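Shared between the two complexes below is subunit A, which has subunit B as its partner in the first and subunit C in the second.
After this line comes the complex of A and B, so read on.
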């Protein structure tokens, strides 16, 4: 454990060095993320100029769905950004070098590019989540906050599983860049309360592509509008999904044949 | 004939390249379907009580959502992003010795990509319209339909010009992908790709309309939906022409100056 913490810290230091040497790029990316975040907040605010509820949720509750989506999205990008380089590593044969290192190749591939700008971006998101939760009377209890935090943790486990599956798919199908981007696009489903979708769509995005489980369940747990069965489902699903993703990664590694190096 | 031959070949080669990795292509289309469905359900939910929202009928909003999916496939290409990579990695040198204009080569390459996306977007919209049982707004005014097509052609030219110009930043900086990302997101929102811009507060709307991006998707769809009369449509088209002209002039200047700086490093 200590070894992997040291490795993660060292990889993060190297990544930060990269960012400072490409200051224009990363400043632009950071501003772009702020612009995107700000525009969606303006959109939600604009929608509520014409209505007082969205699928039965108030403005602050709708904003909390959006902020929770952002928290999970930004966390996953900050911690697992290395996955976006993985395809290139496979194509160029660089993954051979990763396999020769005395570190788990999956850990190295996922965490080699910790995005400090996203970690910084988490600060205003957390502040806004606190402010929004404060504005919702139903959330002024320790149990709500603990349920929210617990479900967020389970959501991150599922997100980790998705990234591992993406890495596995990349080994099988080298040109599969759009797999991880499909996940990113699917995550946008979580920007709004799930009740806006038809029931079959809600089921698909709860069980098959578990976006609602990842993003909406924390908010619904905090608001206590979800029953215990679904919370138990989320716990079992997260554990099984992670196990499945690790199994697929193991199978993918066995199939890996180097392009060149 | 020579013009069609050269650029026709670029078009065909780019078309084939787009279909080379079919799994990746299908995943890319699924991304657009997800965005389309998300927006569809948001607007359906908002129009559930009264059948209207912010002065739009449900049919208009749904037409806007599905129309955006088709327009996005036709207008928003990604090939001009490759210009950044080509300049930074020295591959751009190969294009300089080709007997063709790089701008036109990039345009036809992007056109090939957009043609494939357009055909699949039509199929997606038709399929989901059937599955969801939606009612579209159909523009029956011939003049507005014609003005819509003119505006659409101008939007294609305007987006390409803006996108190509941003990519030329690579002549001055190896860090051009970051500004490109910022441009893409400002464009996504300010062009009306997610929602009709007139639901924004008046002050924000005025700011957005002062930018050229509103002419890329918002204006053509407003003309199609008849929310802008022929006079307003012509004014909008003239604005698109103005912005395309200004951007093209800047491209000419940037191209000349950029080439003087270009060193072809990385080859």
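After this line comes the complex of A and C, so read on.
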């Protein structure tokens, strides 16, 4: 565990060094993040100003859905950014070096480009989540907070599984990096309460492409508007999904054929 | 103890063939023809601890595939492999801590950052204690003359300097086995020599088992007593470099120097295949078993021979002959 913490810290340092090595490039990149965050704040402001309720939820509850989506989105981008570089590593054969080292290749590949600035943006998001939860009387209990945190954790497990499957697909089909973009696009479904969609769509995005499970379940669990069996479903789903993704990763490594010299 | 033992190793690659053109691409979405290419077929060899062996072969022969199977990067199709008592494709942590892989045409350094930072990452990955790290790095810096280079962004380094940094990063944990895949490729002659000297010194001092692949005969002839020649996935020779010529070269070379007005080409043709000719010098290729007879005939002939030299074919020429024969 300590070894992997040290490696993660070292990789993060290297990633920061890479970002900062080109000041102009990094400045544009950071400004892009600021603009994106700005739009995010504008949308929250608009939700507060122009809505009283959304799909049966109060404006604070609706905002909590949006904030939860952003929290998961930022966390996964910050922690698993390495996946966006993975295809290049496979094509160039640099993944060979990862496989030859005494470190879990999956951990290394996902962590090699941790974006610390994304993690910095998490601070205002967490602050807004705290403020919003404080404004919702139903959430003033330890059980609500624990349910929220627990379901958030399960959501991140599923997100991790999606990234692992994306990496596996990249090994199998070197040309493909579209899987991860499919996930990124699908995640936008989770910005708002799922009740705004028709029931069949809700089912698809709960079971087949588990976006609602990832993003909406934490809020619904905190508000205690979700059945206990759905919470159990989320737990089993997260565990099985992660196991499936790790199985696929193991199979992919056996199929790995490296790049020609 | 055998550091490396390979028995009946076979590795095949599977790939999907796509037809050319738009229709071919569309068809490829639904159905693709799967093909199998054999990369190495039933090869066996072993290395004792501390050996430095050259792995020779033309492009596509299977050298790099063999190294990658030995490193555990690729799974073999069949066969048994042991490196330091471990099965490489099981990728156990104790195994991966004991070897290093350096590839001349790929690099593990981070382009925008100094090599030192990558080496420090390897320290964490290989769990090298602080004291050992400092000592190893100082030693490698001195052997590879890296003192002024470790803190320069890699993109500013020359190819030779980058290669040295790659070696430092690979050797920081003092591996017992080192796989070098064309480490001198693209380097100038000075950098090549510098790297060769380092490899020889490192092997002698640390008793590291080394497999070296290279297209430069100078690397092989200077560093390796033993060579394994692989061609189209099959080992065609495994033995001493010094025996290679005797085994494959069925001819010897005769250099004749003539005095006075010299000779005509037709005068020397009866004695062997003329490789090079000028009126005062000729190089003949003569079957090995006929050398004594031919030499005797030349010396007792009327040819105005001033000097006479019998020598073996060059190793390069023998290897070229082996490859062209197989091709």
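Everything that follows uses one rule, which is that the second predicted complex is superposed on the first by the 240 of 261 C-alpha atoms of A that agree within 3 Å, B and C clash if a C-alpha of one lies under 4 Å from a C-alpha of the other, contacts with A are read in each partner's own complex, and residues count from 1 in each chain.
Here, a residue touches a chain if its C-beta (ideal position, glycine included) is under 8 Å from a C-beta of that chain, and two chains touch if they have at least 3 such contacts.
Model, not experiment: these values are computed from the prediction.
Q: With both complexes overlaid on chain A, does A:188 touch subunit B (first), subunit C (second), both or neither?
A: It touches subunit B, and subunit C stays clear.
Q: On the A-aligned overlay, A:36 touches which partner chain: subunit B = first, subunit C = second, or both, or neither?
A: first
Q: Looking at subunit A, which partner touches more of its residues: subunit C or subunit B?
A: Answer, by number of touched residues of subunit A: B.
Q: One more residue to check, A:257. First (subunit B), second (subunit C), both or neither?
A: Touch partner of A:257: subunit C, not subunit B.
Q: Return first, second, both or neither, reflecting whether A:24 touches subunit B, subunit C, both chains, or no partner chain.
A: Once the two structures are laid over each other on A, A:24 reaches subunit B alone.
Q: Quick one: classify A:54 as touching subunit B (first), subunit C (second), both or neither.
A: Once the two structures are laid over each other on A, A:54 reaches subunit B alone.
Q: Intersection of subunit A residues contacting subunit B with those contacting subunit C?
A: In the superposed arrangement, which is not itself an observed complex, subunit A uses residues 22 for both subunit B and subunit C.
Q: Mind listing the subunit A positions that touch subunit B in their complex?
A: 22-29, 31-32, 35-36, 39, 42-43, 46-47, 49-51, 54-55, 173, 175-179, 181-182, 185-186, 188-189, 191-192, 195-198, 201
Q: Please name which positions on subunit C make contact with subunit A in the complex.
A: 13-15, 64, 68, 71-75, 91, 93, 96-97, 99-101, 103, 105-106, 108, 110, 112-113, 117-118, 120-122, 124-127, 153, 181-182
Q: In the complex formed with subunit C, which residues of subunit A make contact?
A: 3, 6-7, 10-11, 13-14, 17-18, 21-22, 92-94, 96-97, 99-103, 254, 256-258, 260-261
Q: Can you name the residues of subunit B that touch subunit A in the complex?
A: Per the touch definition, subunit B meets subunit A at residues 20-21, 23-25, 27-28, 30-31, 34-35, 37-38, 41-42, 44-46, 49, 53-54, 173-182, 184-186, 188-189, 194-195, 199-201, 204.
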